[in-house]
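Okay, got some structures for you below.
Same chain, two partners: chain A is paired with chain B first, then with chain C.
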Partner chain A sequence: MTIMLTLSAFAIGIVGAVPLAVGLSSSNILVRLATRLFVDLVRGVPIIVWLFLLKFGIQIGTFKFNPVAAAVVGLGVVSIAYLAEIYRGGLQGVPRGQGEAANALGLTRGTTFYRVMVPQAFRIVSPSIATYLTGLLKDSSIASTIIVTEMVFQSQAFARQHPSVEGILPYIIVGILYIVLSLPVAYLSRRLDSRMRKAVYA
Partner chain B sequence: MTWLTEWAGYLPQMMSGLGASLLIAGISIFFGYPLGLALSLMVTAKNLAVRTLGLAVVEIGRGAPALVILYLFYYGLPKFGIAFESITAACLALTWNSAAYSSEIMRAGLQSVARGQLEASNALGLSQRDTFFRVIMPQGMRSAIPGLMGVAIQMFQGTSLAYAIAVPELMKSAYNIGSQDFNYLQIFTLAGLCYAAISMPATWITVFFEKRMARHA
Partner chain C sequence: MFHLLTTWKITMPLSEIADGRIAPRFGIKLDNISKHYGDHVVLDDVSLHVQPGTVTALIGPSGAGKSTFLRCINLLERPDSGTIQVAQHTIEPGKDVSSRDLAALRRTVGMVFQSFNLFPHMSALKNISFPQQKVLGRSKEEADERSMQLLERVGLKEKASQHPGRCSGGQQQRIAIARALALDPGIMLFDEPTSALDPEVGLEVLAVMRELAADGMTMIVVTHEMQFARDVSDTLVVMADCKIIEQGDPRAIMSDPQEARTRRFLRAVLER
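The block that comes next holds the complex of A and B.
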């Protein structure tokens, strides 16, 4: 469940952040301010508040979020905001000359963006995205507070059934599990990064 | 408009919760920074045992979710007869968290100090202590400031997790008010705004510092 939560929220975030990142680096000041306000607001509120708001606050007619949906939507929206900020940093990190050169070559704005800016920006942000993914993995533990049966929830349930000294074990095991789960992400990210570096400088 | 008047009614109760949140965040930062400095020195120490111990403390503090550490202190340790009040457990867990995160930032800051600085103070015959406290640390800490401010904001937001171990902080007071008349949407929106009212300006100040440092670098 933990992995499912993390991956679905990450998928929402990685796609949803694209329009926001474009908005954040827009030349139109109104668009820029509006997206900036949205991103800062989402990031300024702790995840647990978003989850409670979605789970307990939203009730449209008879519709209510079930815990898993609330967790996925909540973590997804938060990921959108954080990843948009990361993307923006990446787009800004692409040297200005690249855009100007693409212009001079007569490339359309679409081609410039997708073929020139995005590939280079991706190279810059891929480590930050991996860091965010491991952060998201840990943040998914917050879903246990709205009764999503992920790892922390399970360990608590186990600890309640075993009120003896072994009761401390589930917390230790679950802590180690999070660390272990984040290892492959870190490893893959390092490999991806070194491969892309080679592709550029080889 | 009715929302606004009701919010005004809730505010006093929320404010005491906000006070508790700020207190926990303050304590975990106050103790977390010095501990983080000590940890960053341990991680870079020559002694293997010291280094391993430092790394373990840092990696668990950063690698395990704050919520798990909270549960460990509040539900786990009492089984060994070490029981804390919920607020103490929250402070301890978040202090560990902030120490681990800030140690990484400080280590990066200290390592970013140019080698020549160290060699120069050696050549000048400064003692090891003077070299560290008078030369390396002031420069290293300066470049760590924006990152450390980021940790502080993260800790303030992290206090909301203490709700899960029944600390009477902002989130808990919101939940209590909400469960009286089931106005969850309203009350959690207010809670969110309270958090944002502190985090957002704090983030802007951090960004301002970052930009200023970048200009002088």
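The block that comes next holds the complex of A and C.
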């Protein structure tokens, strides 16, 4: 469940953040203002509050979020906001001359963005994205508070049934599990990063 | 002029540049170009007419507006007013510029930057081929063939598969020149192409530019290389304080400047 939550929210975030990042660096002040407002609003409120609002605060007709859906949507939207900000930083990190050269060559805006800016921005942000992913993995534990049966929730259930010292045991196991899950992410991102650096300078 | 274009399109030999059978040459007319940022004037009613096949060197103290003026030619900077006439297109940058005119302008005018601006995530070959495929719609094979010809021409054939990060500044600048030439521009703009290079490495770039000038490319060059300006350019343009203060034969101006400001500038750069 933890992995499912993390990966779905991450998938939503990594795709959904693209248009938002474009909006954040738009030259149209209204678009920029609207996206900036969204990002700051989402980031300004703790994840746990968003999850409670989604789970218990929204009722449209007979529709209510079930816990898992609320958690995925909540974590997903928060990921969109954080990743959009990371993307924007990456796009701004690409030297100005790159866009100018593309313009001078007569490349279209789309080509310039997707073939010149994005690949370079991706190299800049890939470590930050990996850091965010490990953060998200651990933040997914917040979903336990809206009765999503992920790892921490199950530890709590166990602890409640065993109110002695052994109640601690599952937390220790869960802690180790988080480490085991986040290590490969860190490792893969380092490999990816060094490979891309080689690709640029080799 | 037209039959030249067609033969060249079919055969596309590299030698076309060497023996002068190049794409049609264009002149360019810039009239009354003005630009300011807020209250700060950067270009004050500047006009310049460049004849096809000539080399124009733009010199002057820094802050005179040379680079800005050059960047206004292909609309990297948008002038507030004035007209640009190139290749049967008249563009008034103060008004809305249609994307068709803009595309035509950028196809006609190639540019080389002080900081090279090669795409670091592409090999040298890809840097030159990619724009050809996107802008001219050439196939990958056609584009690569043309790129290899140009790389050979600038003496960097063996660098084709290398990324720019592995090339020296001078090599990068020569690749950047090849990239611009690959789109068969009628005019080439050079924005201080050797300023980021140490003097020795700058020579290899200047050599390519001399060759290009000898081939009859229309060139506008912002430079601090006085030797190059004197020997290679047909017209020397001196800018100071957002204006063109003097223009004409480079040797005449350098030996006998008419303006006090020109004299002061030339003394500073020549007598050091």
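FYI, the second predicted complex is superposed on the first by the 202 of 202 C-alpha atoms of A that agree within 3 Å, B and C clash if a C-alpha of one lies under 4 Å from a C-alpha of the other, contacts with A are read in each partner's own complex, and residues count from 1 in each chain.
One rule holds in what follows: a residue touches a chain if its C-beta (ideal position, glycine included) is under 8 Å from a C-beta of that chain, and two chains touch if they have at least 3 such contacts.
Because the structure is predicted, anything quoted here is derived from the model rather than measured.
Enquirer: Counting residues of chain A in contact, which comes out ahead: chain B or chain C?
Expert: B
Enquirer: Where does A:Gly97 make contact in the superposed view: on chain B (first), on chain C (second), on both, or on neither?
Expert: Only chain C is touched by A:Gly97; chain B is not.
Enquirer: Regarding the shared-chain residue A:Asp139, is it in contact with chain B (first), chain C (second), both, or neither?
Expert: After superposition on chain A, A:Asp139 lies in contact with chain B alone.
Enquirer: Once the structures are superposed on A, label A:Ile179 by its partner contacts, choosing first (chain B), second (chain C), both or neither.
Expert: Touch partner of A:Ile179: chain B, not chain C.
Enquirer: If you stack the two complexes on chain A, which partner ends up touching A:Gln156: first (chain B), second (chain C), both, or neither?
Expert: First partner only, chain B.
Enquirer: First (chain B), second (chain C), both or neither: which does A:Thr108 touch?
Expert: Only chain C is touched by A:Thr108; chain B is not.
Enquirer: Based on the superposed arrangement, let me know which partner A:Gln120 touches: chain B (first), chain C (second), both, or neither?
Expert: So A:Gln120 only meets chain C here.
Enquirer: Of the residues on chain A, which ones does chain B touch that chain C also touches?
Expert: Common to the two interfaces on chain A: nothing.
Enquirer: Please name which positions on chain B make contact with chain A in the complex.
Expert: 59-60, 63-69, 71-72, 75-77, 79-80, 157-158, 160-161, 163-164, 171, 174-175, 178, 184-186, 188-189, 191-193, 195-196, 199-200, 203-204
Enquirer: In their shared complex, at which residues does chain C touch chain A?
Expert: Going through chain C, the ones touching chain A are 74, 76, 103, 106-107, 109-111, 113, 115-121, 130-131, 134-135, 163, 165-166, 176, 179-180, 183.
Enquirer: Please give the residue numbers of chain A that touch chain B in the complex, ascending.
Expert: Touch residues, chain A against chain B: 40-41, 43-50, 52-53, 56-59, 138-139, 141-142, 144-145, 152, 155-156, 159, 163-165, 167-168, 171-172, 174-176, 178-179, 182.
Enquirer: How about chain A: which of its residues touch chain C in the complex?
Expert: Residue list for chain A touching chain C: 95, 97-98, 100-101, 103-108, 111, 115-116, 119-120, 123, 199-202.
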